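The two complexes that follow have chain A in common; it is paired with chain B in the first and with chain C in the second.
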Partner chain A sequence: MIKRIVIFLVLVMLAAIFLNLAANYSEKTSLSPLAHYYAEQGPAELGAANLVTAVVVTYRGLDTLGEVTVLFISAAGVGLLLRRTRRKADDEDLEKGDRAEETAGVHKPASEIVETATQLLLPMVILFGIYVFLNGHLSPGGGFQGGAIIASGTMFLLLALPESHISRLMVAMTESLSGFSYVVIGVLGVILAGGFLDNRIMGLGTYGSLFSAGAIPLIYVFVGLKVGFELSAVLDRFRKEDTGPL
Partner chain B sequence: MSFLADMQISLIVLCSGLGLILIGLWGILTQRNIIRMIVGFSLLDTGIHMVMVSIGYVTGGTAPIINDAVPMAEATSRIVDPVPSALVLTAIVIGLGVTAVMLSYAVRIYRARKTLMIDECTESKW
Partner chain C sequence: MMITLLTLLLCGGILISGLLAVQLDSMVSAVISAGLASLFAAVVYVVLAAPDVAMTEASIGSGLSTMIFLYAIRKTRDED
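Right, the complex of A and B next:
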């Protein structure tokens, strides 16, 4: 009982703070000085039409490297927590307990409509993911969004064809290589341009065209591949069955 | 509905975000099922993102993409702040990673205990 009262009090006090915040809130009518600088200098300096991309990839590129690292660590953590070597012990547990209940839902195949739709739509979903991360510097989107779309394609595949096999080695290699290339591009920025992750190691190109904004499209391709494969690996880990070694 | 029309759009987003934060926190503090606690965390996370985005809004602003629709000369007066958007992008990805790790812990707890109720895990209770 006392716990409920404490929780209630905490929430009420927090609500009071929030109410005060919302009551005194007034919409901004002009940009902050930092955003003003980005809006004014960003396009000329970096050549990226999408200012959010310019901030994410270049101005605050180190944050993004940290973000990619956090995602990598969490994917590694999921892999460690749900590793397959425990499969045998789990199976014995299941046999003792509710085995019939556990396996009944898992082995039910998807309907033919779902399977056919997956085969038809999966290439398009992946192509759309690639489109989103290739155009990250021109339109809404970018490496993380494109990677998430590719991972949603994997989700699609796992739901419709649960028996399908995803090569663990291929996923790991692509992920490591793209992560490595991302850091190499960052270091090249130190050598050839103004600093770590500077995108001006390549020509800025024509403003607004696909091959513009220096290294930003290249960085987003690597980030997109890394995020896509990483999230696919996470989804694969959450799957029930074991589909062969590595 | 006239009072809604008078409200600034970012204030609506801000209030919804603050509401979601409270609901999520309530869920984390009171629910006994681990999956529901994770749902609470996701709501809290989404609420924080909404608050951050609403803070970056500038009256009448549009997406910070400078092309034919928003020419370079008008950029400073017509776009919203790109920095909170970029930070929210980072926060979404990190929230996703944290959720994935929490869910895998839930799977492990379920395998070990055959239950998702937090009351069963008494050894870490003080």
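Right, the complex of A and C next:
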């Protein structure tokens, strides 16, 4: 009974908050001063055709670094919780028959259609991911989106060919090297340009071309690789435990 | 006008799939319908001219997290 009352009170409070928000909502007709500055000065200052990228990577670069860190911590957490040594203790708990049944189900191969389609689509998906983060300063998308697309390519791979092996060393090396390079570029910004993660450590190039916007494409390549490999590693961890000891 | 209608329709889709995710008995169906809510949200973001957010929502919200949930369900199946 008391639980219900508490739930009811929480709901009433939430309703009050959201009602307040909805009632006071009015569409903005002009940009706030800061947004105005970004919109006016962003393209000239940073040379990025996609303003969102200019804000995310440079003006708010520290936030992006924070996001990458959060993702890193969660991937590390998954790695810690699902590490393979736990397997042995688990095996003793589970009855033998149960175990065999489970692994038998896991090893059932995917249908031929799924397999063929994956073999056909996988290179394209990966290529699209790379395209998205290379063109982050020109078109919508960027490191995070490109990385997530690459990770969904990995997902295809794991679904269609459950036996495929992903080198954990390669994943770990790429991930840590790109994370490290990202921070190094940020620090270079302090030394060579106006501040941490300033993209003007390289020439701005022609506005709107692939090699423009200073270090933004470089930063996005590193963020894309890091996110892609990190998410792939998380998926791989989840699968590995299923397929039993390897 | 058309845009408003489309947005409302899509938001209805988010609501319905969200409710389904809470109400459905089968865990797998609930996860799929939570992913569906994300997919609707991604389309709403496109309609509202935020393609950057839409890409993240579509790939992470409806793709990867659904997959990770499914893996997790399979792992914890016997404890449900």
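As a convention for this text, the second predicted complex is superposed on the first by the 233 of 246 C-alpha atoms of A that agree within 3 Å, B and C clash if a C-alpha of one lies under 4 Å from a C-alpha of the other, contacts with A are read in each partner's own complex, and residues count from 1 in each chain.
To be clear about the criterion, contacts are C-beta pairs under 8 Å (C-beta built on N, C-alpha and C of every residue); 3 or more make two chains touch, one makes a residue touch a chain.
These numbers were taken from a predicted model, which means no experiment stands behind them.
In the superposed model, A:118 makes contact with neither chain B nor chain C.
In the superposed model, A:199 lies in contact with neither chain B nor chain C. Number of chain A residues touched is higher for B, counting chain B against chain C. By the touch criterion defined above, A:238 lies against chain B and chain C together after alignment on the C-alpha atoms of chain A.
Of the two partner chains placed around the shared chain by superposition, neither chain B nor chain C is touched by A:212.
In the superposition on chain A, contact is made by A:67 with chain B only, not with chain C. By the document's definition of touching, neither partner reaches A:178: not chain B, not chain C. Shared-chain residue A:58: touches no atom of chain B or chain C. Legend: residue contacts after superposition of the two complexes on their common chain; A:29 is shown touching chain B, with no touch to chain C.
In the superposition on chain A, A:149 makes contact with chain C only, while chain B stays out of contact range.
Across the two superposed structures, the residue set of chain A contacted by chain B and also by chain C is 50, 52, 56, 140, 142, 144, 231, 234, 238. Against chain A, the residues of chain C that register as touching in their complex are 51-52, 54-56, 59-60, 63-64, 67-68, 71-72, 74-75, 78. Across the complex, chain A meets chain C through its residues 50, 52-53, 56, 98, 132, 140-142, 144-145, 148-149, 151-152, 155, 231, 234-235, 238-239, 241-242.
Remark: chain A residues 4, 7, 10-11, 14-15, 18, 21-22, 25-32, 34-36, 38-40, 42-43, 49-52, 54-56, 60, 63-64, 67, 70-71, 73-75, 77-78, 81-82, 86, 90, 93, 97, 138-140, 142, 144, 208, 227, 231, 234, 237-238 touch chain B in the complex. Residue ranges on chain B touching chain A, taken from their complex, read 8, 10-11, 14-15, 18, 21-22, 25-26, 29-30, 57-59, 63-67, 72, 75-77, 79, 81-83, 85-86, 89-90, 92-94, 96-98, 100-101, 103-105, 107-108, 111, 114.
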